[in-house]
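The structure is given below, and queries will be raised subsequently.
We call the chains A, B, C, D, E and F, going by the order they appear; numbering starts again at 1 in every chain.
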Amino acid sequence: MKKIALFPGSFDPFTVGHESIVNRALPLFDELVIGIGVNQDKHKLFPLDKRVEWIKALFKHEQKLSVQVFEGLTVDFCKKINAEYVLRGLRTSADFEYERAIGQTNKVLDEGIETVFLLTRPEHTFISSSIVKDVFKNGGDISKFIPEGIKIDV
Amino acid sequence: MKKIALFPGSFDPFTVGHESIVNRALPLFDELVIGIGVNQDKHKLFPLDKRVEWIKALFKHEQKLSVQVFEGLTVDFCKKINAEYVLRGLRTSADFEYERAIGQTNKVLDEGIETVFLLTRPEHTFISSSIVKDVFKNGGDISKFIPEGIKIDV
Amino acid sequence: MKKIALFPGSFDPFTVGHESIVNRALPLFDELVIGIGVNQDKHKLFPLDKRVEWIKALFKHEQKLSVQVFEGLTVDFCKKINAEYVLRGLRTSADFEYERAIGQTNKVLDEGIETVFLLTRPEHTFISSSIVKDVFKNGGDISKFIPEGIKIDV
Amino acid sequence: MKKIALFPGSFDPFTVGHESIVNRALPLFDELVIGIGVNQDKHKLFPLDKRVEWIKALFKHEQKLSVQVFEGLTVDFCKKINAEYVLRGLRTSADFEYERAIGQTNKVLDEGIETVFLLTRPEHTFISSSIVKDVFKNGGDISKFIPEGIKIDV
Amino acid sequence: MKKIALFPGSFDPFTVGHESIVNRALPLFDELVIGIGVNQDKHKLFPLDKRVEWIKALFKHEQKLSVQVFEGLTVDFCKKINAEYVLRGLRTSADFEYERAIGQTNKVLDEGIETVFLLTRPEHTFISSSIVKDVFKNGGDISKFIPEGIKIDV
Amino acid sequence: MKKIALFPGSFDPFTVGHESIVNRALPLFDELVIGIGVNQDKHKLFPLDKRVEWIKALFKHEQKLSVQVFEGLTVDFCKKINAEYVLRGLRTSADFEYERAIGQTNKVLDEGIETVFLLTRPEHTFISSSIVKDVFKNGGDISKFIPEGIKIDV
């Protein structure tokens, strides 16, 4: 049976931290879907189509990887794409408490879903989408936080 | 002197975690008031009257327990109902830091108020109202997170 | 039924933080037993008989309070003295994670034991027996960390 | 070369915790600028001109201290005022994780900026602007959380 | 290329938490080696040969799993058995900070080693080998913390 | 008045993390004393004279810096060398809770001592003396964790 993993997030924007998690997770799975969750609540900075385009361009040579947009529960989208694994990166202990709650909730909703965590690299620990957004909104240069393959063209 | 405790919260919704805290705290106090705090700031998912109704129905056979709605400071409501204890459940260390700040602030505002904490049960540690709300808004089944006695009829 | 609580610890030494927890917990219970756990593993700085004597002297006018020494599991000692409550103070989030593990383990060992937590006062948050011991061993003055009623005479 | 530090924040309101950090940091630097960051995103409770006025009045006798308003990135404002140090107080471990991310991000944006942290005093650990705001909005007395020199006149 | 993972630990004793991690990790890898690290420093409660025997008996029907004893660095043992993955369970945020330091150190020592984390189940969060040891040493019943397939016969 | 800071520790061994803290703190103070605390309790891996020698060699060109050995309380040694500042690096939130307790205790022992914290760099966050010791004892190469100027010759 194929090992399919979903890497869910809003990726607003996709950072060097996300890129490193994806690259290190790829050998572990047969297929990896980067799922951009669409959620009415949260205001996003970068347009959805740009976020999709940037990530697709970055991984265009990875056969095992695709980028999809989803609405609703992560576990429901997993079922739809036959993913048994949810991939997440862990940066800090605050992160961990949040991720543990989500992961354990998902397991109640669907016992068959396992969350697999990788560590961010030390030099990426402080980089989160929300901090990158703050820098961007205040006119700062975010190029050091974004994969080299992505050009922010908005 | 009667030992009266206030269990304050927005209970949006009341979870199995809250239910367990209440059931274990009841023997410790002579009276327990579940106080639903009304706060203009925070948008609530479930209507106030439903939240009151659900909790009242759940504990209708508990003589020592009542459900009330309050506005303003928790310590002011304590004074009004002669409660010297505030009851809170502790789930995680993030919870703890938040609860400690609230509890120590309350003690400055009214030296006579003592906050008493019980632990959530291990199987409830990840269940918070906000995570249950997220599941509900995304169309998921929240029945495993809600007391059996409560039927979500909204 | 009488509400009996055990406040277990090694109290090596008993600090102003412990004193404050005891004083604030006394109104909540009908009886409070300060239980000095004897544990072969841990090297203690102050002799057991001194620790007993100091705490007894401090609370000699409290009718509801007694000081006892115990070996073995906390839950077994609770059963012996008919205590249904274990009292603990919470200082920091590191504390909390440790206390949660102990409290949840105790509940597996004896479903009838409830752990009740009070917060240390802000000005006592950093005071632990182990830090007081360190100061003492390095020749420092520990009188500000110890209840006024206790004279360290060793 | 003069040691200039920026103490950035929204100070909504300025608390006894902030006051203590400033007083203890003053001897360490040649100049200390309290910088009130203006940020479109966050709704503030107290008007900007009042916040400026309160802090100026409080420190009117401190020759080394000035109060300024800034927009945009903290590191850009540092450059403008020749500050090589950012001053921050640390209250809790949740605080710390947040401050570490900001501090490490600032260092990527400008390698020449060093963040210097002082501890809040134990009795101020639970006092944050947001908790003071909550008390104020609920009609509570915030005078114990605010420097004596500040009269909240709004 | 075969995906080989090492699950290192002292397993003193092997708990229901460890068992759950192993069972959920098995589908993810082609081979899983439970490696009992031998370390002169730490005093162990249960004899090494018993620990090996218990774990072997528990998983005797798992073709993909073996139990081995190792000395020295985890990364060196990984190289010896061709493991590119280290498997670890995460229980609490204290755990996480410790595991992150170990995982990031291992990556400096050998860039080719990836640490993969799974969450313990909520009902196992408080169960650690050290707490089980404490219960055992104090004469308590540890059967609820140990896999059903293991009989503690020492 | 001269600003003198003490950087206390056991430095067993001195790491790249310590080196970075010292280099970034030097401009802030007029004098910086690296104080190697001698403490009967803790077993050390590297001999005291080697630790002194390594650090002295590393900073031999820094006029403002000296290396000293001390026994007893940190605040007592501060008084002896006229240091009003204690310098410490912060790596993780576990670190922070420990450092806060020490720093607040020192302030009770001597109101005139201020602890000043700098952040470790992201790529050093996981490097602690104890993890370096573990690698060394297990035969690993610790050169990446140690300043280039230090040759471990024991």
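FYI, a contact is a pair of C-beta atoms (placed from the backbone, for glycine too) under 8 Å apart; a residue touches a chain by one contact, two chains touch by 3 or more.
Only a predicted model underlies this, so the values are computations on that prediction, with no experimental measurement involved.
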{"item": "Set of chains adjacent to chain A and to chain B", "value": "D, E"}
{"item": "Chain copies touching (chain D, chain F) - same or different residues, decided at half shared", "value": "same"}
{"item": "Of B-C and B-D, whichever chain pair has more C-beta contact pairs", "value": "B-C"}
{"item": "Euclidean distance of C-alpha centroids - chain C vs chain E, Å", "value": "34"}
{"item": "Length of the line joining the C-alpha centres of chain C and chain D, rounded to whole Å", "value": "39"}
{"item": "Shared-contact residues (touching 2 or more other chains) in chain F", "value": "92-94, 97, 100, 104, 122, 125-126"}
{"item": "Touch relationships between chains, expressed as pairs", "value": "A-B, A-D, A-E, A-F, B-C, B-D, B-E, C-D, C-E, C-F, D-F, E-F"}
{"item": "In the complex, chain C residues that touch chain E", "value": "41, 71-73, 75-76, 93-94, 97-98, 100-102, 104-105, 108-109"}
{"item": "Residues of chain B touching chain C in the complex", "value": "3, 24, 27-28, 84-85, 90, 93-94, 96-97, 100, 103-104, 107, 114-119, 121-122"}
{"item": "Chain A to chain F touching residues, read off their complex", "value": "92-93, 122-126"}
{"item": "Chain C residues touching chain F - in the complex, by the definition given at the top", "value": "92-94, 125-128, 131, 135, 137-141, 144-145"}
